[in-house]
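Chain IDs A, B, C, D and E follow the sequence of writing; residue 1 opens each chain.
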């Protein structure tokens, strides 16, 4: 700025403060509200199970970012400078995370993201971490799976051009797929749609005519559910592949009676990767009996317990110590798997491949990180 | 007078206006000399307002040509025609409702402003000077039309008669050579109409204007027009001096009605 | 493009186009009378969908009964919205009414989020209504046939009402001049309420059809069809009922064929809707079948 | 210039000086949260004032503001991001060469955003301004969306939906409020100038305005382009405030938000737009408490997300139904009113504002 | 038939009617004259309940209608031809006339009245299918009168029906007024053309800035010096 001089650090907090504050900024209204809602359910659940750290009560401060960037920035600013939280969790939607990131960084407060998968979120920001894997990894995993397990020689891509998630995954899928098949023309069709679209018939019709071996179509579960259902209605029989966002009840409802639907995700309830997975599953069913377990809830859950773990390891609420503790996370046992954070602050962990079988998500295999 | 064509200020050659199946004006030819007051009369729907609209550029004639001071103005945009010196009033009063009397008149000076918006925003002298000059001209004009003391009133709060006069003043502020008045006396009682008549004669002299007006009040038309043209069904029925028109049998049948004591 | 793709796309286009048309008719009708872009119309779709949803899921009503109730409830809601949020603004500038409409729309959406949560729900598809039809290589849902039929029925009914019945003429008179209409012994409030009841009922039918076609409902579900169908209505000439129908079909078909013919442009699909709209407006400034409202000078 | 005029000029200068002093102290003493809210308010002031020029003063129902913001935000972002950042961020498709190495200082970049947005306004205005009312509204809304969709799809320039980050961050109140004050002054002087009256005349009665010699199209285009210019500036500032941009920020719903501001403040009142811009921005934050769990008489009420928007919608409806003119109607803050109150005599001249 | 007592009307701060009282007897023509802005139109608007009086009483055939809604007043038989024509621009000429008969259900009667009106104004018959908004000023005025007649009022109130009409048409309108009066209709008429109005009128009231300053039979008023000077023009 031109006002002059260095950043003003907030006054050090009262060391005798008897609560530890965890700020959460998530989209609870607006276009991303559904994702935010699921994530917060997981965070709240974790908070009920683990309400204390360092002998102090944990206070969750949840603020809505309305799915808008300027609101997300305000929300984070509020958390760091008014509520003076010790650590922040958020946010569903990479662009919202990116709006908040620099503010937390300036204030020296660490943020752990649950599901923002855009690589740019943590790039150049030492204070931003995440418990999910990022787009390049998922895209690559699915390309591998398509070529090696499904024996695909050609693929079609459908992407939601408005979702960085969808665009990102597709980008890496395409690269790997071409590499693995050694064929630069292996992607026979690439079509787009926009968030909120409900009619995919024309895109699918054009893909059908190209007759690809597999279709890769990561995107929001909402659009994807309709898309996949429609694809089958149109008589497309090729396997359809997607990413972790598909692990949602809403998606399942659409594709229940559908064969050959595969996606990568974070954990599996039948084959729990960790003890924490089992625990999460049980508790989740208890807390939300009428809801289906989902990846976002699990990621929210993991973010919270990782935050507590880091604070415990830091032994204090010193901001720098917390940051360093998070950065040093190795083989942390989360509900979604064993989490190790790399130099960028991104999680490297096992990816699970699931398939829809008899109206349920079924475990199909797993892919270890390289 | 020399043989050159200075005699006609406004000339229309066989202008026709067709709306779908309706031919509102057909082959109208007008010749108006400088400083004349000319009346355009005719039954309702004869095409008088339409003729005005063609002259002022609101409609482009389907066929025909309009010349003003030797410029071909056929099909020009209304603002261009105003710039060239034809101003008008409307059959239904159209004042700028949010503005004061003075602002309504000042607006007509906008086209005469020789400065850029930047000069206005920065308040540079060329702009402020012209603006000041225009302001003085407008106040003087309002003085002449006896609206000066109402300069700050909202235009639409004025009584009807004064609104009509303001409309004329606003037209005058564009510094026209010719003014077209569409039923200026409509809605006025006979007494007010007489005053208006005197007013029109006065501005004609003071501003050296040519006037073309549509009017249904015969006492006004016959009182001040030097030449009258009668339209019927879009066609010229007759033209001539007031006396000629008043005694023209066709005009009486189509428009005036048989002589009757009450009118 | 081969014959099969063409036929398939045709089927797709018909079903999307008639759905657009159905909703656009409601828009156009309310606009025609009040000159109001009723933003809340979009959210009425959502309300109808939820009422039908809860009727079937929670109260286990037969689907047709749930649908009828949804239509009635939505019509009632539409009438009440007009009473509360638009009627006091009868003589206000149009922009105020528009803002009021935006306010109502925001309110319905956010109330939806607060009351039922933002997570989408899966709309049930009764087997009697939705089944798969396969003819040769082309397959489509029964809705592809049902929706156009429903749309045409409503088109004919509404056109007849507006043009031929006394209430219809009164509606059009009211649209121009409340005061003078009342001088003709017209009960202006009643005419407007009727308009809203019918318009909202149409929104409800549209909402239900939309949910059957894309069976995922959430509090913001109306926004997208709302905008698209409004575009369709404007394209056809807002205020004109056959125009809405035409606009809906042009938009639906256009979108489907754009993507089918040029898949690489599919990301521009929404832009296409607007480009088409603007293009049409430039040549026909009041839409394809819209009457040019001439202001007589 | 009579003495009253002189007093007014003096007061205006005084107020500007006072705001500088206030800004100076505020810069040093406000928390970063409050600074951010104030800066956001300044951006909304620019948006409100410029949209009011188009909609309130010229009477053009234009809803494309978010699109012009989008243009501005991207122009400034691409011009000011460091080449290294660009290399890092454009990891899917590299940015096209001429843009890759550009690295401008912030101020010229922001001005450039305005210019480019104005250029877009000009180009779009050409076809669009032939339309009126609702048709203009939907067409401009469409253009706004088209801009956004193009930005989403031209990945090698804009990085598509992945958005841009690492835009140089600016926290200084001076920058945001400086631009806000300049916008207010420029627009105020413009609307009080002969052009301003021409705009209002077009709004009041297009046919009569044209008959008085005003080139309707030219003036509409001018107002529209100026509006786009400031929207571009606001977009650029938004980018520097948040330090990242992506196309979804500029959906048409954003335009509605600005529309709400100018209607709440009063169409045709700059003062109203300013008050409403600040009011709404602050209110959105203040109202957050309704979404937090509350402790009422020992009873904990869980926070309900979305309540804030419900209250906000109700508030909006209330204002529009009961204060239909908005807070200020078409009135403006003016010195005359204050001077009359404290009894300074008026000059004799009739009140047309001759300068600004 | 119509009786107005001590009527006060305000437009915001403007006191437009300051307590006027007047009477329109059955089967008579009564006229209001006065300068622009005297409150003539306001009086008629108050009777039709288009403005709410602050004070005073309006009764029709002995029944208090001060609080009755506009639509119901029309049903009781009072119709207004509003100032400035106010035709429905988007409706055709025919539909405008149909609107006039909105409250009626006698198909045959409507048909007959429609034919009568087309006979009265052949111009309208020619333009039956034209959108009324594109009619010329005079044609619109004919339509406005015709539309009002379609409701078969027992009291017809006309606000400046000759405004903007050609001289021949003005005579025609006055002839129509005499005709319909002859058929038993009661008429309350406002006219700028006061001379003509007072000649057809049985009784007249002179309004000045919201007050009734003079009243008398039509003949008396035409002869009155003050009236002559103020409204009829010196020329007369």
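As a convention for this text, a contact is a pair of C-beta atoms (placed from the backbone, for glycine too) under 8 Å apart; a residue touches a chain by one contact, two chains touch by 3 or more.
Chain-to-protein mapping (UniProt): B, E = ABC transporter ATP-binding protein; C, D = Branched-chain amino acid ABC transporter permease.
Small disclaimer: the values here were computed from a predicted structure and weren't measured.
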Does A-D or C-D have more contacting C-beta pairs? A-D
Most remote chain, CA-based centroid, reference being chain C: B
Compute the distance, rounded to whole Å, between the mean C-alpha positions of chain A and chain E. 74
Measuring centre to centre with CA averages, how many angstrom lie between chain B and chain D? 42
Separation of chain A from chain C, taking each centre as the mean of its C-alpha atoms, in whole Å: 36
Report the inter-centroid distance (CA atoms only) between chain A and chain B in whole Å. 73
Among all residues of chain C, which ones touch two or more of the remaining chains? 110, 113, 118, 267, 270, 297
Which residues belonging to chain A are in contact with no fewer than two other chains? 28-29, 31, 33, 37, 161, 192, 194
Among all residues of chain E, which ones touch two or more of the remaining chains? 134
Using the touch definition from the top, list the residues of chain C that touch chain D in their complex. 31, 35, 37, 85, 88-89, 92-93, 95-96, 99-100, 102-104, 106-107, 110-111, 113-114, 118, 227, 230-231, 234, 238, 267-268, 270-271, 273-275, 277-278, 281-282, 285-287, 295, 297
Which positions of chain D touch chain A when the two form their complex? 27-28, 31-33, 36-37, 40, 85, 88-89, 91-92, 149, 152-153, 155, 160-163, 165-166, 169-175, 238, 241-249, 284-285, 288, 291-292, 303, 305-306, 308-309
Which of the residues in chain C come into contact with chain E in the complex? 166, 169-170, 172-173, 175-177, 179-188, 291, 293-294, 296
Chain E - residues contacting chain B, complex: 33, 35-37, 84, 123, 130, 134-139, 141-142, 160, 163-171, 174, 192-196, 199, 229-236
Chain D-facing residues of chain B, complex: 56, 58, 77-79, 82-83, 87-88, 90, 94-100, 102-103, 106-111, 113, 117, 120-121, 123, 127-128, 131-132, 135, 139, 151-152, 170-171, 174
